[in-house]
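Next come two complexes built around chain A: one with chain B, the other with chain C.
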Partner chain A sequence: MTALWGAMNTRARILLGVLVVMLLAAPLALDRYFLSVLTLILYFVYVGQAWNLMMGYAGQLSLGHALYVGVGGYVAAALWVHYGIGPWLGVVPAIAIAAAFGAAIGWLGFRFGIEGVYFALLTIAFAEFTRIGFDHIPFVGGAGGLFIPYEQDRIGEWWNLRGGQHLFYYLAFLLAAVGVLITALLSRARLGFQWLAIREDETAARALGIDVFRAKMKAVLISSGMTAVGGVFYAFYNNSLFPTQIFNISRSIELILAPIVGGIGTVFGPVVGAFVLTPLGEVLIALTEWLGIDLPGVKAVFYGLTLMIIITLVPTGVWPWIARRLDLVKNEP
Partner chain B sequence: MTEFLSVNGVSRRFRGLVAVDKVSFSVNQGEIFAVIGPNGAGKTTLFNMIAGVAPPDEGTISFRGARTDGMSADAVCRLGIGRTFQIVRPFPTLSVEDNVLVGALLHRTDMSAARRHARDVLAKLDLFDKRTVAAAALTLPDRKRLEVARALATDPKLLLLDEVMAGLVPTEIDRMVEILRSINREMSVTILLIEHVMRAVMALAGRVLVLHHGTKIAQGTPEEVVRDPTVIKSYLGAEVAF
Partner chain C sequence: MWTIYLNVVLQGVMTGLIYGLMALGLSVIFGVVRVVNFAHGEFAVVAMYAAFVLFKIYGLDPLIAMAPIALAFFAIGFILQMGLVNSFVGRAEHEQFILLVGLAIILINAVLMIFGPDAQPVNLPYAFDSYLIGPLIIDKVRVYAAIAAVAVSAGLFAFFRHTRTGTAIRACADNLVGAAVIGLNVKRLYALTFGLGLACVGAAGALMETIADAAPSLGPAYTLLAFTIVIVGGLGSMSGALVGGVLIGVSEALAGFLIAPSMKSMFSFALLIAVLVLRPQGLMGRRVA
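Moving on, here comes the complex of A and B:
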């Protein structure tokens, strides 16, 4: 921890401090709507970070991370709805089951040498058939969805994640902070360097004694387990889960945009990406409404165009560009 | 005493082609042993079998008393055999130091100890001043040195070097010879090298094995080998330029 702090220069420390203080104080100044946008941003920071570990560091492209969000959310929600087991406890089996899915995908892919885009297809396939599977499980409501009932007398039971916007905002902040911290620590650890080596050149990594299969399995287990926690948050924040929505491939894509735009394989890329993209979506909604264009898909077109512009201008991500501009990267002595 | 590295009758076939045919030799601890031969003689195939990249179709390989044929490349490395690649394979976007750090982390869990070791190795290979540069930005001679540095950082007992002199100019070759000699003597690392550059082989190797069409045609000291009529006929031929 102290090593992390020591690795930042004064300017970076001040900026990070200001950001943390502003985020902690945000509920004092912001109304419900802005706070909900900020909650969404922090949620995307967290799940983006989980995906970033697997893609940005270990180099394994997953286009099916909605699977882990969905499985995590469903497990915790079902335990709560059917057995009254609270999410703080339910998160444990949620992580375990999502990680088991991750292990299955990883084992198939890494053991049989399914790499690159083919591995990505495998992750999509798993997410898709899980979606179809959940449509037919009556225990969790099938295609009709699973609802966490609104109970007046339970409001305020924060330990069961029953509460208002403030509770979820601070929870999202905690998740994002922990996600950044995990990435920062792993990226400077032995495992992080093993991942980087594998990402860059698997054959060379192997020649340096790295058990590539093991290191990749660790990446998929950590990433899927982390993502499942995001799913638990999502389920209790929205109070409803539908297989067609939560396992949808568009959700998997949505989740990876922040790290891609912010800069994959960096600690702050997913943070910057989420802070750029989520408000952008909101601004575009407001803008199209204000302009009176209510054609379907207009928002998506603008969103897509903006993404293309950002990626063309800074292909390695917004964060590395900002870090260079503001001179935030400490030069090694 | 168990032999350091012993290769017993190994063969490797690719479809109909026999790339390596029942080759046997052994390397003693502490020596520098060279494998030479014309292009396509099977040198790299032999090398890959020792490094665990491809298992031999027949024959056995053992390193300090343990059978290594059939072991994976990473397991072979953990046992104490480091290797370089003929066509260099740096981790391009990582810094030079981080490239070597990956190797240093094999037997070290403490990050600062690994970094210190990586820097020591970089200094040894004349790369210390370039440690913050991305590996992709290095020139070929520097990349060749980085290959050696990375493998050396894993603390090997045996270092397999696959044509680390190729593409270097004579002064760079002389410097590399000097570095390898000091790695061999001061760090007591046994070296098995595949080399085309006879200047380096003559200067470094205690013993030389000559491979031709996958078979061993001669073995001895460099002076013996270059005078061997079969070797001159099949390999050195008119290009005896040393």
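Moving on, here comes the complex of A and C:
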């Protein structure tokens, strides 16, 4: 906390304070629709932060993070549906199993020196492999999907994550806040500096006496475990899970857009990215509706175009650019 | 009994050759330009729709339409590399990734806008003809498409092996600095390469339309398929792409026949993981530092 606070100047502290207060007070002012958009933004802040640790800090490009979302969500949902074990308890095995997947990928990748594009493809392959696998596991509904029943008399059981928009909004806020804090803490901890050293030059990092394999494994374990918590949230928020949707490669891509657009390897990059991209998508929907263009795909075309423009104009992300312009952060790169 | 398996394998080989041609495009682009074309499958789908339109309006057989489509794709690739991708060469992988993913999203949704989500088939008059050779039953369309795929691949091999431009492109791939020093126009050669890579996808997409129906949802699937093939065969290895294509084609066909069609790509991914772990440079690839 102090590490994060210390790196900011007064102006940045005020801005952050205002943002937090506004987010906390948002349910008072916003209707269901805007609140659901905000919930989505905060969800993407959180999972983006988890991915950011692995790519932005440790420099390991994962394009299969949907795997951890899916596994986390499925484990917690299956425990609830089949055994009545609530998500607050179910999140523990969810983290453990997703981290085990992460460990397997990390071990294979780092042990055998699979790097860069090849590592990214390994993560995609695992996610796709698991997607098809889940299509054929009857215990979790196979391709037909797993549904968390919506029971009237359970509404308000917040300890079982059964509740309305407000519950999930504040939960998403909590996740996002914790995600930002974890990143802030790790980025200024010994491990964070080890990651940066590995990202910049692995050979040099090894020469400095850093146990590269261990540090990278920690990155994967932390990242996959964190992402799994996001998956539990996703499962109980949406009440339904389908392998083709949750493990889909487009989900993995969706998840990494916010940190990349915001600026990877920064604490606030994923936050800014999510606050830019998700509303952009919503605005595009509204705009096409208003213009009366009733074609599927119009929105996505603009979305793709925006991505290409952003990455061409501000390749290091929007946040470092904003921070420089507004003179917000003392030593954020 | 074994003749059934032989038929399945043969079918897999023929489909695999088309896959191979598609993957060849990806491999050539990565091998030279060092940019991974994440929009590869989406380009293949655009080519399938192009073949569909040319058949629908002019009654053009995709085997013939392949030529103009490949030519158009060459031009698109050349312009794309010149105008956009060249400035991304040598930049961080995730930046290139976002650029091409953005492009992929645009392509597939443009197709969705124009043609809708339904699959669009080309009904060739000889679609159900087949050759009977002893116990073997071979689909006519597949034979034609496979022969065409091999012919295009052979043409590309010959170009790289025997022309001065092809040699120059290989020089860029082998030693970029050296190539620049002796005065090769690297940017133009990169553009040519990207054009050739897309021409391969264009041709492969047109051929694919004869054996599968065009649909927007195929885009990401084909991108993954091309990746799998190229990794299995060896990124940057041209012969590896074809061998990988055949291997994946056969494994898909066998898995689809023996276990369940819905699980066929699971075997491709298992194969991909195994190859990545055991032989990251691919079956035919050379280890580069």
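To be clear about the criterion, the second predicted complex is superposed on the first by the 329 of 333 C-alpha atoms of A that agree within 3 Å, B and C clash if a C-alpha of one lies under 4 Å from a C-alpha of the other, contacts with A are read in each partner's own complex, and residues count from 1 in each chain.
In this section, a contact is a pair of C-beta atoms (placed from the backbone, for glycine too) under 8 Å apart; a residue touches a chain by one contact, two chains touch by 3 or more.
Bear in mind the structure is a predicted one, so any value in this text is a computation, not a measurement.
Novice: Specify the outcome, clash or fit, for chain B and chain C once both structures are aligned onto chain A.
Specialist: fit
Novice: Contacts for A:P315 in the overlay, against chain B (first) and chain C (second): which applies, first, second, both or neither?
Specialist: A:P315 sits against chain C, while chain B stays out of touch.
Novice: Tell me which partner A:D135 touches in the superposition: chain B (first), chain C (second), both or neither.
Specialist: second
Novice: Going by the touch definition up top, name the partner, chain B or chain C, that contacts more of chain A.
Specialist: The partner that reaches more residues of chain A in the superposed model: C.
Novice: For A:V117, decide between first (touching chain B), second (touching chain C), both and neither.
Specialist: In the superposed model, A:V117 contacts chain C only, not chain B.
Novice: Between chain B and chain C, what opening angle does the Cα centre of chain A see in the overlaid model, nearest 10 degrees?
Specialist: 80
Novice: Which of the two partners, first being chain B and second being chain C, lies in contact with A:G209: first, second, both, or neither?
Specialist: Once the two structures are laid over each other on A, A:G209 reaches chain B alone.
Novice: If we overlay the two complexes on their shared chain A, which of chain B and chain C does A:F126 touch? Say first, second, both or neither.
Specialist: The second partner, chain C, only.
Novice: To be precise, I mean the smallest distance between any C-alpha of chain B and any C-alpha of chain C in the superposed model; what is it in Å?
Specialist: 13
Novice: Considering each complex separately, which residues of chain A are in contact with chain B in the first and with chain C in the second?
Specialist: Touching chain B and chain C on chain A: no residues.
Novice: Which stretch or stretches of chain C touch chain A in the complex?
Specialist: Counting only chain C, the residues touching chain A are 36, 84, 87, 91-95, 97-99, 101-106, 108-113, 116-117, 216, 220, 224, 227-228, 231, 235, 260, 262-263, 265-266, 269-270, 272-273, 276-278, 280.
Novice: Using the touch definition up top, name the residues of chain B that touch chain A in the complex.
Specialist: Spelled out, the residues of chain B in touch with chain A are 51, 53, 72-74, 77-78, 82-83, 85, 89-94, 97-98, 101-103, 105-106, 109, 111, 114, 131-132, 150-151, 154.
Novice: Flag every residue of chain A that touches chain C in the complex, lowest number first.
Specialist: Counting only chain A, the residues touching chain C are 55, 61, 63, 108, 112-114, 116-118, 120-122, 124-126, 128-129, 132-133, 135-136, 143, 249-250, 253, 256-257, 260-261, 264, 295-298, 300-301, 303-308, 310-312, 315.
Novice: Inside the complex, what are the residues of chain A that reach chain B?
Specialist: 3, 188-190, 193-194, 196-197, 200-201, 203-212, 331-332
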